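The two complexes that follow have chain A in common; it is paired with chain B in the first and with chain C in the second.
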Partner chain A sequence: MLDRHIDAAARPAVLEIRNLTTSFGPQERPLVAVDGLSLSLKAGEIHGLVGESGSGKSITLRSILGLIQPRGRVGGEILWKGRNLAALSERELGAIRGKEIAMIFQEPMTSLNPLLPVGLQITENLAAHTGLARAEREREAVALLDRVGIPGARARLADFPHEFSGGMRQRVMIAIALASRPQLLLADEPTTALDVTIQDQILRLLQSLAAEFGMSVILVTHDMGVVAACCDRVSVMYGGRLCESGPTADVIAAPRHPYTRGLLHSIPRGVAPRTPLYSIPGVPPGLGERPPGCAFAPRCPNALDVCRDEKPVPSVSAGGRGLACHNPEPGPTEETR
Partner chain B sequence: MTTLDRIAPARPNRLSGFAARALKRPAFLAGFAILGASLLLALFPAAIAPYDPLAFDMTAIQQGPSLAHPFGTDGFGRDVLSRVIWAYRVDMQMAFFATVFAMLIGLTTGALVGFYGGIADAIFGRVVDAVITFPFLVLVIAIVAVLGPGLVNMYVAITAVNWVYYARLTRAEIMAQKAQDYAAAARVLGYSDARIIFRHLLPNAISPVIVYWMTDMALAILLGSSLGYLGLGAQPPAAEWGVLIAEGRNFIMTAWWISLMPGIAIVVTGLGFSLLGDSLADLLRPKGR
Partner chain C sequence: MPSAAYLLSRLLQIVPTFLLVMVFIFLFVRLLPGDPAIAMAEAKASDQQLAEIRERMGLNEPLAVQFGYFVKNTVTGDLGRSILMKRPVAEVILERLPVTVYLSLYAVALSVLVAAPLALFAATRANGPADIAIRGLFQVGLSMPVFYIGLVLLTVLGAKLRLFPVGGYGRSFIDNLYHLALPALSIALYTSAILMRNLRASLVEVLDSEFVQFARAKGLPRRIVLTRHVLRNALVSAVTLLGLSIGNLMSGTLVTETVFAVPGVGRLMLEAIFARDYPLIQGLTLTFAVIVSLTFLATDIVQSWLDPRLRQA
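And then the complex of A and B:
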């Protein structure tokens, strides 16, 4: 575990997002869904992107692959192996989508084409992105289905999506996404629609695949438990902005942003039965009603006057931890150093 | 799971599953039987019709239905049954050719404007408005009047108007399918637009179009017969139901069978297409898929 950590820290970043801003609506009165997000991802790293609904996690993923244009606008830089994805044309992006960067979705029930057998949907990706011959593609499809844990893979190639359960469909989705051996997998709440035991299996699968293929993963979720279970690093988003980021263990052990604390506090641990569960009071602001200062200020227990008027500027401290807060909880760094 | 797989019986053929559901529907069976019979009559009229449809028989003019002539004879002594049977060939062709090109053009156009939207879609919307402003028949008759009467010109005229309806239907279906997750998934996999549209979206969008096509073929027979009746479609002495009805219209009081028998053929065939179309609509409607 420790070895892996040091190893990961030494590797260069494959994906570097700088000041990503994604907005919709009219130019003069834009609705900003992602506001100045920065994030860096190393090869083989699993990065969790956490936040409530509407915090801009999914839009961030979609921005990376250029899926929100032409309706939305993407600003900032998305550096993938030295190329700025935000500035690429649709045609150039098409060559990267599916081949270098793949994506899986929240709803395995609807993310597969209902009219094509799953074998065909896997070989289709192989045909589009690899030079394999027909027989090799078929063999590879069986190997992939087998690898993602579908029993009797060969016999199931001809089956249609409706003949699989939700968890199995998500495995099929992963098999399709992995067919072209992408270096980055964007997983948009891949386990949200699944029950907890299946959720755990899928997460373990993603983890082992990432290690096996040296593939990086950005895992969007609203579940801190999922992050704790499988992510190397985590970024917490609120209202389209980054609150806090850092190595998962550090962030969970000593959260500094009040929102992160609230999120962690919301996980019931050792609570007696029938006691009310904690939840952060209030609701996230809508796209059109973000406060001028810190987005979390109206719900924040630590809010100062400055929080309401000024956006906190993200800063990076020792240990690779990022934080955007005017009045953070005291961290271990300040206490010990 | 694996044991379950092993003990599960061999899965039935998918097509036979569809057929099994289809065979339980009387409407489907009736429509299928009518159209099957119509198709046979259209393909082998010479083998089935008792007389030459064009042969005059001056000894049997305007005779009522009898054993020798079940549908009677017309003003030239031609056997009405034989003429109705030979007319299947022309009218089934009309049902097909007057609609198939409209469907193909409409399907492609609708898929493209539905997928890309934007200016093309706006222009398409205005074209639709312009076409549906006119009553269908009036517009077709106007175009045939310009091109001149005849079957081929009639196909051209009907196609020129009719594709709009298919395109409108396809566009709406494609837009609905485009919003589905699997469409986003296909885009994320880096597939080309053509592949996404024609391999992923269109097959999912096509069933309402197929159903509409069935009912449209019934309409095409009615329309073709109407134009034949007006002298703008098939030309006499060719046997075509509309032409046959027109031939008998002067004798409707004295020799009703000349017009009535082809009229019944139109109704029955149209019914066949409608029954098949309706039951296909039910069968193709996704249930729990």
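And then the complex of A and C:
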């Protein structure tokens, strides 16, 4: 486990997000969904992006691919293979979407076109990005469905989405996303809508595919358990901003941001039956009502006066851990010092 | 494609519909005040003659038996004789029907041609100035009765500018595109307004759906996203609306055909009503019912062709 992290740290970053800001609504009074997020992703890394609903995780993914519509505005830099995706035209993005960077969505029930056979939904990806002939595209579609674990793949090409179960549809969606062998997969809560047993299968599938194709993954989830199970690194978002990031094992073992602590504390572990479950008091702020200081300050047990007035500046410490907090929990480094 | 089993089961569903329609028509005519025998007979007919007519028409039989005759005659194509035209009803209707069918299809085609591109244009700019302008304009079209639109078109395009004939019916298919332009347009302006609003609403919904985002995330060309993924899904509800509007359209032809002097079944119906030509009214009502049922059948078939989820019969 430790070896793998050192290994990963040595690899170059493939995706470098700098100060990403995505806002909606009127220019003079914008609703800021993502507020100055920075993130770096290495080749082959599975990176968890965690946060509550409305924390800006999904908007971050959509911003990377330029899918924000209709009037979202994306600022900052999204550096992918030396190009800034945020500055590319719709046409230039079209060549990257699905080909270099693919995305899968949360709801397998609504993310496939109900009127088209799944075979076509796979092969249209290949038609857009490869020079394969029709027969070759179909052969490839069968191979893909087979690879993601759809039994009797050849016979199912002509089937429609409603003829598949939820878990199978998620597999189909993964097959579609992987058709053109992308180097980065953006997974937007791919297991949230599925049964727990199916969740586990899909996560394992994603892990093995990432390893097989040498593909990086950004896995958006609100479930710390999912992060613990399969992510190399994790970034925790709150109110559109990054709270804390670092290698998964380190963050889970010693969370420094009070919000991360709260999230981890919310996972019921070894509690007696009928014990009330813990939840962080309060609700996340809406897009238009973010406090001037730290977004988490109103709910934070550690909040000081400075937290309410000043935005904490993100800092990176040894071991690749990032933190944006005025009054963090004592970290392992301080304790050993 | 929809399966043969689906088509067959859908076809069989028409039978009870037709039977019900026939029951209504049969009872309705018998509920009308007055004696049909008197209506049929010459003025000053004797009681003896009236009794003969009743006997000949089977009016002395029990209602159920009369209904049996009515169904048998209808199925064999015998709709009786028109009092007004003094010819078999079926013959008169068959002569006039193609005109109305032509006019209706012409109007539908025009509506789709106007509504579909504008709906797509408006939906891709939802709530922008162009969208609001288009919707506002169609709101005006929607608020005006068809006969009024017809009269305005007639006055401006027909009488003043002399672009189109003010009425009548042409001799050939091509000729009629020209002759029926004004009546078709006046129907289409109304139908396209409804269609535009519906299509725009479903396009906006589909554009926002996850599978369209997924299609965009696949890097498909915009043209393919719009046609294959957006338009096709939005069409499912538009087709329903178009099918349902045929009933409206048929009753609309009563007015339009009269305003533009088009010799179709709509105008014939109006003439029959004014002349109290019961056999003709009965035959025309049945014809309208058949047309509406067949349109619904066609709508269902097109829908099941568009949407595989509807194919399980």
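Please note the rule applied: the second predicted complex is superposed on the first by the 331 of 337 C-alpha atoms of A that agree within 3 Å, B and C clash if a C-alpha of one lies under 4 Å from a C-alpha of the other, contacts with A are read in each partner's own complex, and residues count from 1 in each chain.
Here is the rule we use: a residue touches a chain if its C-beta (ideal position, glycine included) is under 8 Å from a C-beta of that chain, and two chains touch if they have at least 3 such contacts.
These figures come from a predicted structure and were not determined experimentally.
With chain A as the common reference, chain B cannot sit beside chain C without a clash. Once the two complexes are overlaid on the shared chain, A:H129 sits against chain B and chain C alike.
Legend: residue contacts after superposition of the two complexes on their common chain; A:V316 is shown touching neither chain B nor chain C. Contacts of A:G152 after superposition on the shared chain: chain B is touched, whereas chain C is not. When the shared chain is aligned, chain B and chain C each come close enough to touch A:H162. In the superposition on chain A, no contact is made by A:A211 with either chain B or chain C. With both structures placed on the common chain, the touch criterion links A:I96 to chain B and to chain C.
Chain A uses residues 65, 67, 94-99, 102-105, 107, 110-116, 124-125, 128-129, 160, 162, 173, 176-177, 180 to touch chain B in one structure and chain C in the other. In the complex of the two chains, the chain B residues touching chain A come out as 1-2, 5, 180-182, 184-192, 195, 199-200, 203-204, 286, 288-289. Chain contact summary for the complex, chain C toward chain A: residues 126, 209-211, 213-222, 224, 228-229, 232-233, 236, 306-309.
Chain A makes touch with chain B in their complex at residues 65, 67, 94-99, 102-105, 107, 110-116, 124-125, 128-129, 151-152, 155, 160, 162, 173, 176-177, 180. By the touch rule above, chain A contacts chain C in their complex via residues 62, 65, 67, 70, 90, 93-99, 102-107, 110-117, 124-125, 128-129, 160, 162, 173, 176-177, 180.
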